[in-house]
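What follows is chain A paired twice: with chain B in the first complex and chain C in the second.
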Partner chain A sequence: MRAAIGRDHGLAAWRSAWLAPPVAALGLIFAYPFAWMVGRAFSAPDGGYGLAAFEAILRSRGFIASLLATGRISLTATAICVVLGVTLALAIRFAPFPGARVVSRVIDAYLAFPSFLIAIALTFVYGSSGFLHSLLAGAGGRSFLFGFWGVVIAEVTYYTPFVVRPLLAALDSLDIAQLEAASSLGARPIEVLRRIVLPAMMPSLFAGGSLCLLLTINEFGIILIMGVKHSITLPMLIYGKAIEEFDYPGASAVAICNVALSLSLYLVYRSAMRRLQR
Partner chain B sequence: MSSVGIESPATESPIVTPAKEGENERPPRIAVRGLGVSYGTQRVLEAIDLEVFPGEVVVLLGRSGSGKSTLLRAIAGFVTAESGSIVLGGRDLTRAPPHARGLGLVVQNYALFPHMRVEENVAFGLRARRRSRADTMAAVTRFLDLVGMGAYRQRYPRELSGGQQQRVALARALAIEPDALLLDEPLSALDAPLRAEMIEELRRLHERLPDIAVVHVTHDQSEAMALADRIVLLHEGRIVAQGSPRALYDRPPNARTARFFGQANLLPVTILQGAERPAHTDAGGSAWSPVCIAGQTLLAATTTSSPTNGRALLCVRASEFRLARPSGAAGDGSDGGARMNVLQGRVRSVHWLGATQRLLVDLGEATIRAELPERTTVPRPGETIALEFAPEGAVLLAEE
Partner chain C sequence: MNGLYLTDRARRLWATLALTLCTVVFGLPLLVLLLASFAGHWDALWPSSPTWANLRGVLASAEERAALWHSVATAGAATVCALVLGAWGALAGRRLGRRTRICVDTLFVLPITVPSVTVGLALLVTFSRPPLLWNGTVSLVVLTHVALVASYAYANAKAGLERLPAHLEEMAASLGGSPWFVLRKVTLALLMPHLLAGAALGFALSMGELGATIMLYPPGWATAPVEIFSLSDRGSVFSAAALSLALLAATATALVALERWAASRRH
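The block that comes next holds the complex of A and B.
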């Protein structure tokens, strides 16, 4: 018995030994830069530590404005993604139009694209040098693309599949017999949708929606290409402070706020996923 | 009831389940006429006529692919009728959507709504009908108590066993007080002991709701026998027989029906003709026909669908056979009550099954399967055996 325990201890030590190199590597490439960033954020101008950087950014109008811009863009994009995603998922599942399978596959493939590709593709079509712009230019048209709606359109285009995919999975596991039972009990199609289908989609919708919100808050590539002058979001603010102003403590403080926001949303997302898996 | 099926000779009246008297004077709850259904180019139901009366349990029986579930789904409105009509409670609802048909549906996997408690499940149909809250709650209590699930109303479906979920599904379907209850393989997901219990439960339920019409789909003949007032046997999208379980078992109208119920021997026989054929019509009016197999002459009961000459099939259940008394004492045919058929053959094998023993007996032209009581002393394999059976237990059927 004792020997067995001894062996177990030996095994545990052996396991720790195996864990050491990856933990060290992770520490080097992730924890150290993060710790450096935290250190910068809490550094005081006199060389000690303090909240000066946070005070400064909280007082600056730029930070509050970018927080509002981030919220406005990501909430608008997420809301449209959710509405569009529910409609698309229901259409693919219940009103199989020709090519519904292809659309479903394209949605799968879409998840593998880099987001800025969408932005670049959109600028080719709608941008100041795009063909639609040159058509509208004669009529006095100004490109609507570079600004709030341009960013929202690009984000909706890119992130809607992130909502559709889990919804399709939820609808695939929905028992058709439940829908038939509901209608034989006297429920009209719209009532079946409201009382049976939508509740079944809820956990996935919540998970997909929070994922979408999380990703749009942190979106960088699309905004860099399409909204730089009009939409200073948190990531753009960090980029500007660090790369253009060399204000590392300020950039780090904003980054900490961004990480805190993302982490709390991620926790919401995880709890929705747990409910979904139960 | 429909005229399709069989004629029961008068002598059989004690064993035929009496049809509910006066039933035919009430309008049918379900009247299907000339129903045809296709899936794409494949015809899955052809010229189906079916009536179900108040208080009647009709079991649609058949193998998978026979069209029994399609027929139920057509009645429920989930399958479109290509031809024919479906009249429910006196209204032609052939083209009506499922939610306008007012039928209670229970399916194999229960299909309870997982995000609703038991009482919300049962209340669903009443809420869809905009019943008042008080009415709804009273009905929920009544029907949950009826299926013995009153103590579970706050549970979610995932917290219930399969049998309990099925009871809730029944209560949910009954709560809307449907014209008819449609049950699609409702017991197939349950294990054997629970299934037997649910069969009893369904019978009790029907006693407590004597007016409801039930259409029950199953592939299990013992389930059909236990529950049906009338069995409708389907094969390849057509009704091949219908009648009381007893009638279909004792006087199958065709070989397919005989094969479906119990262990039937279907022996190839020749109907004896002309001078050799004694006119046998006994006092009760049953008709008999002499037939020949492997040089041995037997007497067979005939029905209106029996052939009158040439080759035919003789249907004898394995349990009809007894060990024959010593030769000379049986088979004289002079007295209607005592006359017995005797078949001689060679025992091929004997299997002990507990309560019975199964013998395979070689006749030369055919092999008989016989089940004899466990205590009977039987010859060993290779030896000859004489088996006797009553002509009433042998029905003459057309070849397929």
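The block that comes next holds the complex of A and C.
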């Protein structure tokens, strides 16, 4: 008995040792740089540690503005993604249209696309050389379309699939007998949707929505390509501070704020996913 | 039958709405990208003067050909490294305690949870000073992509391991297979489809990576996404569209080649 326990201990240590190489590699290329960046943000100009970088960014008007811009863009985009995602998922499931299968394939493929391609494409739709621009030129629609809403539309296009996928999975696991029973007992379709289908979709919707919010906060390519001057989000601010101003401590401080925001959303997403799997 | 007794009219209405939305939201951008790649001008409702010049220009320009090659090379190298790292991490972590597993999970998923710009910044800041002066090297670009892609390799390997038939490995071992033999011929063989799926997704994402790359690419190693951005920034939007199309085509070709290779190994 004791020999067996001893062997198990030895085995556990042996197993843990196998974990060392990949963890060390990822530690070197991710955890160590990340820790270093945190240290950089908290470094004081005199060589010690302090909150000087944070004070500086909090005092600058750009940071608060970009925090607000990030929130506005990602909340708006996520809200539209959720509405659009629910509509599409319900339609694909309950009112299959010709090509619905192709659409769900395209939705899968979107997840592996680079997001900035959407921005490049939309430049031709409502950019300064785009066809909507030429249509709306007389109506003064240009600035309206190519600012805030341009980014939102691009993000909705790219991120709606992240909402649709979990919803389709939830709809596939619905108990059809339950729906039929409700329907044959006289419930109208709208009631069946409201009482049975929507509650069953809720956890997936919450998970998809929080993932969407997380990804839209972190989005960079779309905003970089669209070159929206008055919608500088946090990732854009980090890029600008580091690459254009060479202000590494400032960029690191903004990065830490952005990471804190992303990580808290990620925790929300994880808890939603865990509730789903239970 | 799907349990919801919609009237024909409601069903048709809903289907039309969904089809329209899908076409406008998902179909239109792709169609526009395709049209723009072959357009000489686009200043009315429709693009005009169809031409091969954009695409030919991309393939003739040394800079843009190089950018495509840099992307393929970076994504290929990063995918292979990430696959080893992810599969190794998933294999080594699976029989450990819950707490250790959560730590490993967190380490692998963090790089894709935080903004990619942040990952780029962290590596830029860290490796711009001794002891490790890697800033300005191509390896740093590859390592950045490894950190970002390893997460997908790990997640896929882990999902595959959870679906392995129970006790198959113990059975192979009890029949006298050495641990190395069991790992190679049973575990990894059964895991292969999952590893390939992870590799394909990782490769595609690495080909399109922009946020971290733009922070730290050395001059002379601009990847295709970086080049697409600088083209569009300079106002050469048609060339940017054509290079985007070439990037998609290169990604698709590589993925088809990977699938072919996997299929040929299976037979």
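As a convention for this text, the second predicted complex is superposed on the first by the 258 of 278 C-alpha atoms of A that agree within 3 Å, B and C clash if a C-alpha of one lies under 4 Å from a C-alpha of the other, contacts with A are read in each partner's own complex, and residues count from 1 in each chain.
Following the convention adopted for this analysis, a residue touches a chain if its C-beta (ideal position, glycine included) is under 8 Å from a C-beta of that chain, and two chains touch if they have at least 3 such contacts.
Because the structure is predicted, anything quoted here is derived from the model rather than measured.
Enquirer: Which partner chains sit in contact with A:Gly209 here, chain B, chain C, both or neither? Use first/second/both/neither.
Expert: After superposition on chain A, A:Gly209 lies in contact with neither partner.
Enquirer: With the two structures laid over each other on chain A, which partner does A:Ala200 touch: chain B (first), chain C (second), both, or neither?
Expert: In the superposed model, A:Ala200 contacts chain B only, not chain C.
Enquirer: Looking at chain A, which partner touches more of its residues: chain C or chain B?
Expert: Larger number of chain A residues touched: C.
Enquirer: In the overlaid three-chain picture, which partner chain does A:Glu191 touch, first (chain B) or second (chain C), both, or neither?
Expert: So A:Glu191 only meets chain B here.
Enquirer: A:Ser252 in the overlay: touching chain B, chain C, both, or neither? Say first, second, both or neither.
Expert: In the superposed model, A:Ser252 contacts chain C only, not chain B.
Enquirer: Could you say whether A:Pro235 touches chain B, chain C, both of them, or neither, answering first, second, both or neither?
Expert: second
Enquirer: Output check: A:Glu180 vs chain B and chain C. Expected answer is one of first, second, both, neither. What do you get?
Expert: both
Enquirer: List the residues of chain A that touch chain B in one complex and chain C in the other.
Expert: 177-178, 180, 183, 189
Enquirer: Quick check on the complex: what are the chain A residues that touch chain C?
Expert: Touch residues, chain A against chain C: 12, 15-16, 18-19, 21-23, 25-27, 29-34, 36-37, 40, 84, 87-88, 90-100, 103, 106-107, 110-118, 120-125, 127, 129-131, 134-135, 156-157, 160, 174, 176-180, 183, 189, 192-193, 197, 214, 217-218, 220-221, 224-225, 227, 234-235, 238-239, 242-243, 248, 251-252, 255, 258-259, 262-263, 266.
Enquirer: Which residues of chain A touch chain B in their complex?
Expert: 175, 177-178, 180-189, 191, 195-196, 199-200
Enquirer: If we count contacts the way the header does, which residues on chain C are in touch with chain A in the complex?
Expert: That would be residues 1-6, 10-12, 14-19, 21-22, 25-30, 32-33, 35-36, 42-47, 85-86, 88-89, 91-93, 95-96, 100, 104, 107-108, 110-111, 113-119, 121-127, 143-144, 146-147, 150, 200-201, 204-205, 207-211, 214-215, 225, 228-229, 232-233, 237, 240-241, 244, 247-248 of chain C.
Enquirer: Would you pull the chain B residues touching chain A in the complex into a rising list?
Expert: 76-78, 97-99, 101-105, 107, 109, 111-115, 124-125, 128-129, 169, 172-173, 176, 182
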